[in-house]
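The following pair of complexes shares a single chain, chain A, combined with chain B in the former and chain C in the latter.
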Partner chain A sequence: MIGLYQPGTSLLHRTPAGVKVLVFAALTLAIALTAGGVWTLPAAGCLTAALYLLAGLGIRPLLRQLCAARWIVLVMLVTQVIFLPVLVALTNTGRVLIVIVLAALITLTTRIPALLDATERALAPFRRFGVNPAAIGLLLALTITAIPVIGGFATAIREAQRARGAPVRLQTFVVPLLVMSLKHSDELADALTARGIE
Partner chain B sequence: MGNRATTDIRDITRIAVFAAILAVLGIPAAIPVFGGAVPITAQTLGVMLAGAILGSWRGAAAVAVFEVLVLVGLPLLSGGRGGIAVFAGPSVGYLIGWIVGAFVIGVIARAGNRPPTWWRTMLGCFVGGIVIVYAIGIPFQSLITGLPLAKTALFSAVFVPGDIVKVVVATIVTLALWRAYPRAFDRGARAAVDLRVAPHEPVVQAERAAAPE
Partner chain C sequence: MNGKLIIQFESVSVEFAGRIALRDVSIALDAQRIGVIGSNGSGKSTFARMLNGLVTPTSGAVKVHGLDPVRDGKRLRRHVGFIFSNPDAQIVMPTVTEDLAFSLRGRGLTRSQVAERVASTLESIDLVVHADAPTHSLSSGQKQLLALGAILIGEPDLVVADEPTALLDAANSRKIGNRLLDEIPQQLVLVTHDLRLAARCDIVLRFESGKLHEHGDPRSVVARYERDHA
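This part shows the complex of A and B:
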């Protein structure tokens, strides 16, 4: 599976994940609160572009992120232009676009394990509500390893149905997928229990 | 209702595997519906199934685990989307609604850990999978995009017919799974106890027969 991370050694790559998320949250709040100002969006746009350059990513990933957001932009523009003044619609769309592209920068410059660790740390205060951080770590790791397995089941079911010339219908696909997956889950549990993890 | 204090390894693997199913349902063209005539994001169907099959808190946990993996940057949402950007965009409310919705579906469809019935499952999927998801999703969308609430709701209504199809499909699949593999609906803790105290299968059946409707 291909993550979205782009390797690098820039300041942004070296900054801890938690710090990046907090700075992003602060920037988002600032943009939201001052969105009415004339200079807010141009300034935020320039800042975002500068951060992409600072991260050593260059213009190409920035364009790719803008391109990835094209449906959100299109839907937002169309729905807003109907009910709101054009300038307001453009401001709203621009604000959402900048925040999305800015958020993507965190994902582009942070390795998945670092973000997983940060997530686990962020959940630590919930320990008093019965959330066990170790169990969550196991859960996330199990899920990541299970995705290719379940994907394999899906492929096997489709190929078997194609081989029989059976029409591929929803029920004949999802039900076997669920049965195989949930059996796999029970086998996984037995294997973990046998290794002393309960 | 599931006792959340006793987290069993069987619960953990069920949650992990269902989160993985949600990811697989996001792969393009994984599920052709009605010959591909109805465009469907199968992941919403997965959310309904998570609640209806795993029950309230395990179903919600499966959706939450899936979303954490999306948050940290795996491109698992349909269309290969992922990362923090998804949670900074207008659809964040729907993603939160998925977690709450799966819980509500479990509460309604699996109340008292009873076997699934078609009307209970359908009601649960409708309330949890449509009413709750939109009730949380639309205000967030309105807040983020700056479009007034009523107008946002008007545009979101476009997706309701597709969601109603998903409720029907989720109900059919849930009841088919109940016939094909009833163990899928067992509460994890009880299944684990059965494993230790043989003979287990007759005990489950006896319990099921004795359970008050």
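This part shows the complex of A and C:
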């Protein structure tokens, strides 16, 4: 879901990354605070769709983001339905889904360097509490870089299993994925050390 | 610290959990291009990784230009660039430009100095048009060129490459091999299974079962290795 910057000249593309992150934070807060409201979900939904149109991205990327989030949605729904009334579980999940799709809109309209700069600047005031903005920025950058790599592992494992006619099941998928990811993080740690980051 | 880094191993042994990976290696090297060959598991990577302190000797002493790679690792790593086999596992930043600039962190350069060095490095690795591309969108060959650029931008004195062409196709292998052997001014340690690349070095070291089996004239060392494995 991350790292899908789509070049453009819309208002959203031109807005500084810091402003976008702040507006996103404010919207997330608003959605969380008005949790009980009947209108929160439809209003937030319409606003999100409008923002995607404003970004000149059309409705297709929006659908793609929704589709990409389907597993998160499924897991959230299933776990909540066990403990909560169906309607509450649905609205909770709907709110999280909107926040995810809004976050994706930032990555769709912002170049990654600008996003990282904005994050580091936004975190600067927390330095006095022992937060290291550069370290968090680095962590974020590493994560963004790693996502497509791990996505590639997932594809490779599925293909290998299909090629041998093995049914794709969760256990037979998760374990090799973890092993590959851990090996990757080992190699990456070496590369970071070699490049002077301890 | 300029000019040739002298590599010195004095009775160096390395054990991993009781298994010996390197056995009593002693050698002093000042050649420009040093090739390293040997079967899988013979200790080549262990040897190479000691040059910048990624592996610690269990006994004996390693010196790279008088510095101990373990104790003075941080200082030494500025002078020793390291390239691994897997192009995906050495790129740490989301875009090409950022990944190059990452190597210059903490060197006290101004923004414009960094931009200048990034621009000239982009040119030298033929990635100018991909300057702002997400790193994951590059081909394996381009990724390995980027990894090379990320090291050269730091202007090291020694480049250590551990099977840098192992995961590349023939054309990209040739490209990376030529870059390393003929185009960079740095002293080079090249671990490789590609015997043609090894033969182009100035000296070749052959490891077998953790021992420095022999070293010397590239053609003869490579020829004997081929004969033994024929």
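Basically, the second predicted complex is superposed on the first by the 117 of 198 C-alpha atoms of A that agree within 3 Å, B and C clash if a C-alpha of one lies under 4 Å from a C-alpha of the other, contacts with A are read in each partner's own complex, and residues count from 1 in each chain.
The rule is simple: a contact is a pair of C-beta atoms (placed from the backbone, for glycine too) under 8 Å apart; a residue touches a chain by one contact, two chains touch by 3 or more.
Only a predicted model underlies this, so the values are computations on that prediction, with no experimental measurement involved.
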{"item": "Partner chain(s) touched by A:188 [first = chain B, second = chain C, both, neither]", "value": "both"}
{"item": "Chain B versus chain C as contact partner of A:139, first or second or both or neither", "value": "first"}
{"item": "Partner chain(s) touched by A:55 [first = chain B, second = chain C, both, neither]", "value": "neither"}
{"item": "Touching partner for A:196 - first (chain B), second (chain C), both, neither", "value": "second"}
{"item": "First, second, both or neither for A:112, with chain B first and chain C second", "value": "both"}
{"item": "Shared contact residues on chain A - chain B and chain C", "value": "3, 5, 112, 116, 142, 144, 149, 184, 188, 190, 192-193, 197-198"}
{"item": "Residues of chain C defined as touching chain A within the complex", "value": "49, 52, 54, 74, 77-78, 81-82, 84, 86, 88-95, 97-98, 102-103, 105-106, 132, 134-136, 150-151, 154"}
{"item": "Complex contacts: residues of chain B adjacent to chain A", "value": "4-5, 7-10, 12-21, 23-24, 27, 30-35, 45, 49, 53, 61, 65-66, 68-69, 71-76, 81-85, 87-90, 144-148, 151-152, 155, 169, 172-173, 176-177, 180-181, 183-184, 191-192, 195"}
{"item": "Complex contacts: residues of chain A adjacent to chain B", "value": "1-5, 21, 24, 28, 65, 68-69, 72, 76, 79-80, 83-84, 88, 91-93, 95-96, 99-104, 106-108, 110, 112, 115-116, 119, 130, 132, 135, 138-140, 142-144, 146-147, 149-151, 153-154, 167-171, 173-175, 177-179, 181-186, 188-190, 192-193, 197-198"}
{"item": "Partner chain C, residues of chain A touching it in the complex", "value": "3, 5, 111-113, 116, 141-142, 144-145, 148-149, 152, 184, 187-188, 190-198"}
